[in-house]
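Below is one structure, written out as C-alpha cells; the observations come after it.
Letters A, B, C and D name the chains as they come in the text, with residue numbers starting at 1 for each one.
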Amino acid sequence: MIRAAIVGGTGYTGVELVRLLLRHPDVELALITSRAEEGRRIDTLFPNLVGFTDLTFTAPRTEELAGMDVVFFATPHNVAMAQVPALLDLGVRVIDLSADFRIRDVAVWEAWYGEPHACPDQIARAVYGLPERHRAKLRDAQLVACPGCYPTAVQLGFSPLLAAGLVDPGSLIANAASGVSGAGRQAKVDNLLSEVADSMKAYGVAGHRHLPEIEQGLQDVAGEPVSLTFVPHLAPMIRGIHATLYGCLNENGLAADLQAVFEDYFANEPFVDVLPAGSFPQTRSVRGSNRCQIAVTVPQGRGTVVVTVAEDNLVKGAAGQAVQCMNLVFGLDETLGLDAPGLLP
Amino acid sequence: MIRAAIVGGTGYTGVELVRLLLRHPDVELALITSRAEEGRRIDTLFPNLVGFTDLTFTAPRTEELAGMDVVFFATPHNVAMAQVPALLDLGVRVIDLSADFRIRDVAVWEAWYGEPHACPDQIARAVYGLPERHRAKLRDAQLVACPGCYPTAVQLGFSPLLAAGLVDPGSLIANAASGVSGAGRQAKVDNLLSEVADSMKAYGVAGHRHLPEIEQGLQDVAGEPVSLTFVPHLAPMIRGIHATLYGCLNENGLAADLQAVFEDYFANEPFVDVLPAGSFPQTRSVRGSNRCQIAVTVPQGRGTVVVTVAEDNLVKGAAGQAVQCMNLVFGLDETLGLDAPGLLP
Amino acid sequence: MIRAAIVGGTGYTGVELVRLLLRHPDVELALITSRAEEGRRIDTLFPNLVGFTDLTFTAPRTEELAGMDVVFFATPHNVAMAQVPALLDLGVRVIDLSADFRIRDVAVWEAWYGEPHACPDQIARAVYGLPERHRAKLRDAQLVACPGCYPTAVQLGFSPLLAAGLVDPGSLIANAASGVSGAGRQAKVDNLLSEVADSMKAYGVAGHRHLPEIEQGLQDVAGEPVSLTFVPHLAPMIRGIHATLYGCLNENGLAADLQAVFEDYFANEPFVDVLPAGSFPQTRSVRGSNRCQIAVTVPQGRGTVVVTVAEDNLVKGAAGQAVQCMNLVFGLDETLGLDAPGLLP
Amino acid sequence: MIRAAIVGGTGYTGVELVRLLLRHPDVELALITSRAEEGRRIDTLFPNLVGFTDLTFTAPRTEELAGMDVVFFATPHNVAMAQVPALLDLGVRVIDLSADFRIRDVAVWEAWYGEPHACPDQIARAVYGLPERHRAKLRDAQLVACPGCYPTAVQLGFSPLLAAGLVDPGSLIANAASGVSGAGRQAKVDNLLSEVADSMKAYGVAGHRHLPEIEQGLQDVAGEPVSLTFVPHLAPMIRGIHATLYGCLNENGLAADLQAVFEDYFANEPFVDVLPAGSFPQTRSVRGSNRCQIAVTVPQGRGTVVVTVAEDNLVKGAAGQAVQCMNLVFGLDETLGLDAPGLLP
C-alpha cells in the first residue's frame, strides 16, 4: 500500500482527492493537514465523507510527512514551494496541484505570480503532470507539477492540431467557461450563489495566470512559438470546464480529415474520448469522472476549426489527474481508482 | 458473476442502475432494453457512459430475459406487472423499481393507480425492498418491490419514533422536497429548466401516490393505524430528497433521549447515518451515494419533534437501494458496489 | 416629491429599495449611505443600475439625513436603534427593515438578539409594517418596523384561520424555504454557489430569530397564546420564500369552506392573491413583484389544513413592503411604484 | 392609446411582451391569441400575471386583428408570413418577433429554414428592428422584423469595429451563450432542468439559423463581405445572452483608442451601455431590462480584440426590442415602458 498525505485538505481539490484516494485499492490515505482546521474530523467539514473515514486534520509537520510515500499539495500557490525541497530530500514523492512548479521559466512565473520563487533550482526536477503528453517522464518522477483545470482542457484540445501542424499557431483562441468551484472554497462575495447563479460573465480577460502555462505547453507541442487569446468565463454551475477552441486551418489543415486526426491522436488514451462527428461534449457527461470529451468541427467548411472540450475541473482538471499521475509515478495501472462513470443526471 | 438485465433503461433510474452495476464486482450487466431506443448504443443516449460500455438497447424479449439471474424493472408503473409472472415462473429474480408490487392491498393500489392490477396473486410474493426493515426476508427473495424515493426517506425518518412508541401516530406530517429528476426523463413543459429553476412549489398536495405506500410502511412499524399529511415539493435541483418530518411527542417521547434513540436504532445500518446533535443533513452530502443522513431535534424543547432526512432520490431512493436489495437476495455483502462517497461539491 | 434616503445600501434589500424607489413617481431618492463604500458610485457595485442613477455612497451623517422626509434602514439589526431616536426627534419618518423595532417585549428581543436594546422607550412608537394587519396605524406613522421575510409569509398564511378561530393555535407548524439572498450579501463560505447550489437543507431548527416575531403576530390575530414550530430551509435559488403551513382544524374549521374564508379575508388586499382551488403558488410567479400568492387545501379531507404561500423575500418580504408602508405613511395610493408583474420565466 | 394584439402568446417572448405592454402608458393590450389555449385565462398559464389582467386567449381571427393598431407576432417562424399580408393590407402595423422577414435574400431564407417563403414580395417592406442601426427607417414602418437574440448581441458588439474599419471582416468569431429560455417553452427532453442544469455545451456548431442573419447585418455595417464563425452554447440559466466576440485588429485598429471608439459609437443610445475599461458585463446585470452592456479589451495588447456583450434574450433580445421598435413606429419616446432597472440579485 502506498501511504499518502494531503497537505491543505480544506479546499475543493482536497476533498476531491480524499474521495478518490479513499477508494483507490493501492493507497492508504494516512494524513491530511490544515492549520486552520487542526483537530477537526474531516467528515464534519465535508459531510459526504460521513461513514467513510475517521481522519482528522492535523497541522502540517515535516516529520510526519516524511513517513509518507507520496504527498499531495492541494494548497494555493506559494505554499508547496516552501515545503517541497525538504520532502524531496527525504525521498518523498510530491504531487503538487498548485501552480508552483508548472512554469519552467522562473522569470515568467515570478512576473505572473508577483513574488520571488522560493526554490527556483527545483523547478527543473518537476515533470508536468499531463499524462497524455508526458507519460514516460512521469514514471518514477519525484516531483509532479499538475496542470491547472483550464490548461488541461485547452492543451488536450489543441494538441492534435498543433502536433500535426494543421493550424496557424499565431492566432489561437480559447474561450472557456468554468464552474464556480474553480474559484475555490473561500469566503468571497463574488462567488455567493446570489451573485453568480443564473448569470454568465467573462473575467480575467486582460490576463489570466493560466495563459503562460498554456502557451508553454502548446509551444512544446507545436515546436514553434504560439500566441493564444484566452478568455475565461464563469458559468452558473458547480463543476465543469467547457472550452471552445478556435484556430485558422492552414492548407494541410483544410485538406485533413480532422475527425480521423483526433481519433488517431487519442486512440490509446484511457481518459480522452473523441466524440463521433456531430456530437458535442457537455460538462454533465464527465461530472465526477476523470474523462475528457472532445469534438472537432469546421463550421460551414470554412477555414476556422472549432474544438469543444469538456472535463470536470476538480477531477481531470485537478484531483483525478493527480491520481492518474500518482499511478504512473508508482508504476501502477494508470486507471486505478479512476474507473467510475460520471454522475448523470 | 450474476447476469443482470435492466428493462426500461432510458430513464434516470435506468442510467443510474447502469452506473452502479457497471462497477459492481459480482455483476455482469448483460442486457438493457427499450422499445423506443432499440438498436441505439446506450452511451449515445447517456454520454457519461462513453468509454465504459458497448451495450446497445434491445427490445424486451422474454426468451432473452429468461437467461438472466436477475431482471431490474426501471419502468413506469404498470409495465412490470405484465411481465413479472412469466419471469418468476422461469426462476428469474425480479427487482422492480416501479410501484406495481409495493402496496399489499390490491384495492388500494387500484384506487390510487386508476387501473386493475394485472397479477394481484403475485403481490403477496413481493418483499418490500427497504433493507432497514426487511433485511431477513430479502435474502433469497424472488420478487422485490423497491420503495419510492419519498417513502424511503419518510419511513426511515419516522421509524425510530414509531417503533419505540414515542409519537402520536395519528398526526404525522411529512414535508418533503425532491429534485426534478424525480419527475423522470420525459418531455414535459412543467419540468423545463425555465419552468422550475430558481423556484419552489408544492405539488400533489391533495394526494400523492406515495401516501398509501408510506402509511402502509409506517403502520407496520407502529403496529397501529397511522395518519400522515404528506406534502411533496419540487426544489430547483437535479437530485436529492429532503424530508422534514413532524410528530407530536407523547409522554414517553418527551422523556426520551431522542438522539440516543436514533443512534441506537440505526447503529448497525451500513447506509444510514444519524448526524451529531446540532448538525442537519444536506442533500449535497449524499449526491450520488447510497447513504441516508438523518437528524433529530425538538425545537425549543416543546412537544413537536422534527426529523430531517436527506437522500439521493436516484440512489438510496431508487437504483442504489435496488442494488442493495440485489446484494441481499444473492447473499452478497450488502454494501458491494455501493461504497463510493457522494460527490461534493 | 418625497425626499428619501437609504442607510446601509450595500445589501440586497438596499439595492432592491433603490430599484423600486427609482421608479416611484412621488419619490426622489436623494441619498444612500455606506461607510465601507463611501465615494463609490452605486452603479459600479450594482451594475443593474447603470444608466439609471448617478448616486454615490456617502457616509451616514445625521445632518444630511435630517433633510429627508423619510429614511429607510436597510441595515443589519442593531444599527437602526442607535440612530433612529435622533431622526424621530427631527421629524424624519423612519422605515426600518431590520429587526430592531419588530418585537414589542424588550426582554424577548434582548434574549433572541443577545444584546441590550439601545432605545427601548421608542419601541412602543413603532408600527409593525404589515399593511394587511396594520393599515390604519401605518397612516402617518413616524416609525415603521417592517417584518422579516419569513414572518410576512407565515403571518399572512395563518391569519385567515386564526382570525376565524378555525385551527388549534397550540400546534401550528411552518415549514419554510428561502432563497439564498435571504442570507445577505456577505462573504461567507456557507453561501457560496458551490456550497448551496443543487442542494436543500434545514437550518436554525433549534430556534430562529423570526420565531418570536411570528408568534407575537399570530397571537395578536388569534387573541390567545399560540405555539409554532418553525423550520426554515435553504433552497438553491436566488430569491423567494415558500412557506407550507400546517394546522389542526377544530370543529369550526372542519365545517368551514376554507377557500371562501381565504378569499373573503383577502378580498380587498391589493397584494395578496388567493389562488383558485387546486392551484399552488410558486416562488417564480412573484419574482421581483410585491405580491403574495396563497393556496389552502385539506389533504384527503382529514383534519390537517395545509396553506402554501409564495412571496419574493426581497420585495413583499422586505423592500417592496417597505415601499408599501411608505405609501401608507404619506397617504399615497398603496400600490404606487409597486405595480409591476413579476419576471417569468 | 395604441390598441395592441399578440399572436401566439403562450411562449416566453409572448408572456414577456404581456409583462411589458401591461405597464406601457400608451398601449392597451386588447387581444392575445393561441389556438391551443383558446378560452383559457392567461394568468392561469402565467401566474406572474395574477392580479394584473383578465385577458383570455382567443383563436386568431383576422377580423379581430384588423381592429388593432399593431399586431405582435410571438410565434415560431413560418406563422407570421402566412398572416401578415392580409393585416398590412388592412393598414395594421405588424411587429414580427419571428424569423420570417429578417433575411432579405429569399433564397438564403429558404435554404436555412427549409421551406418556401409564403410572401417573398413582402420581405422588402420589412424594416429590420434593430433601432441602433435602423432608427430612422423604423419611424412609421408598416412591418418590422425584429432580430433574434444572438443577432442583437453580436451585431451591437461588432458594429463599432466594423463601422470604423478596425478589424479584418474575414475572420470574425462570435462565441455566445444563451439561457435555456431561448429554446422556448416546448416539451423537449433536451431542455429539462435535469438535462441542462449544472452543465455547459455548445450546439448548432455546424450551422445555426442566426448565422446568415448576423452576417447580413455585419456586412451592412462593414460595407464589404464578412465571414463569421458563430458558436452558440447553452448555459444553465433561465435568461440571458452573453457573447464574447473576437476580431483581428488591422493597423487602424491597433492604433485606435477602442474604449473611446465604443463610447462614441453608443453615446446617444438609450439602451446600450459601454462599461468602464476593466469592467465586464454579466447577464444578471440586465435581467429583465432592455439594456445591453458591452466591454472592449485587447488582451496583452496583442492583435486580437475581445468584445463582451450581455443582454436579456427575452427583453433586448426579443420583447423589449419589439416594444422599442413599436415606440419608434408610432413616434413615441423610444424608452416608454422600458425604463425599469434589471432585477439584481
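As a convention for this text, a contact is a pair of C-beta atoms (placed from the backbone, for glycine too) under 8 Å apart; a residue touches a chain by one contact, two chains touch by 3 or more.
These figures come from a predicted structure and were not determined experimentally.
Novice: If you tally contacting C-beta pairs, which comes out ahead, B-C or C-D? Let me know.
Specialist: B-C
Novice: What is the chain whose Cα centre is as far as it gets from that of subunit C?
Specialist: A
Novice: So how far apart, in whole Å, are subunit C and subunit D when each is placed at the average of its C-alpha atoms?
Specialist: One centre to the other, that is 36 Å.
Novice: So, what's the distance in Å between the C-alpha centres of subunit D and subunit B?
Specialist: 45
Novice: Just the number, please: Cα centre separation of subunit B and subunit C in whole Å.
Specialist: 38
Novice: List, in ascending order, every residue of subunit D touching at least 2 other chains.
Specialist: In subunit D, residues 12, 179, 181, 185, 194-195, 197-198, 236-239, 281-282, 284, 287, 345 touch at least two other chains, as defined above.
Novice: Write out the stretch or stretches of subunit D touching subunit C in their complex.
Specialist: Subunit D reaches subunit C through residues 12, 15, 18-19, 22-23, 44, 46-52, 181, 185, 197-198, 238-239, 270-271, 273, 275-276, 279, 281-282, 284-289, 291, 293, 314, 339-345.
Novice: Please give the residue numbers of subunit C that touch subunit B in the complex, ascending.
Specialist: Contacts found on subunit C: 171, 173, 175, 177, 179, 194-195, 197-203, 205-207, 211, 227, 229-231, 233, 235-240, 242, 244, 246, 248, 278, 280-284, 287, 295, 297, 299-300, 302, 304, 306, 308, 310, 345.
Novice: Please output the residues of subunit D touching subunit B within their complex, sorted ascending.
Specialist: Those in contact with subunit B are residues 12, 179-181, 183, 185-189, 191-198, 236-238.
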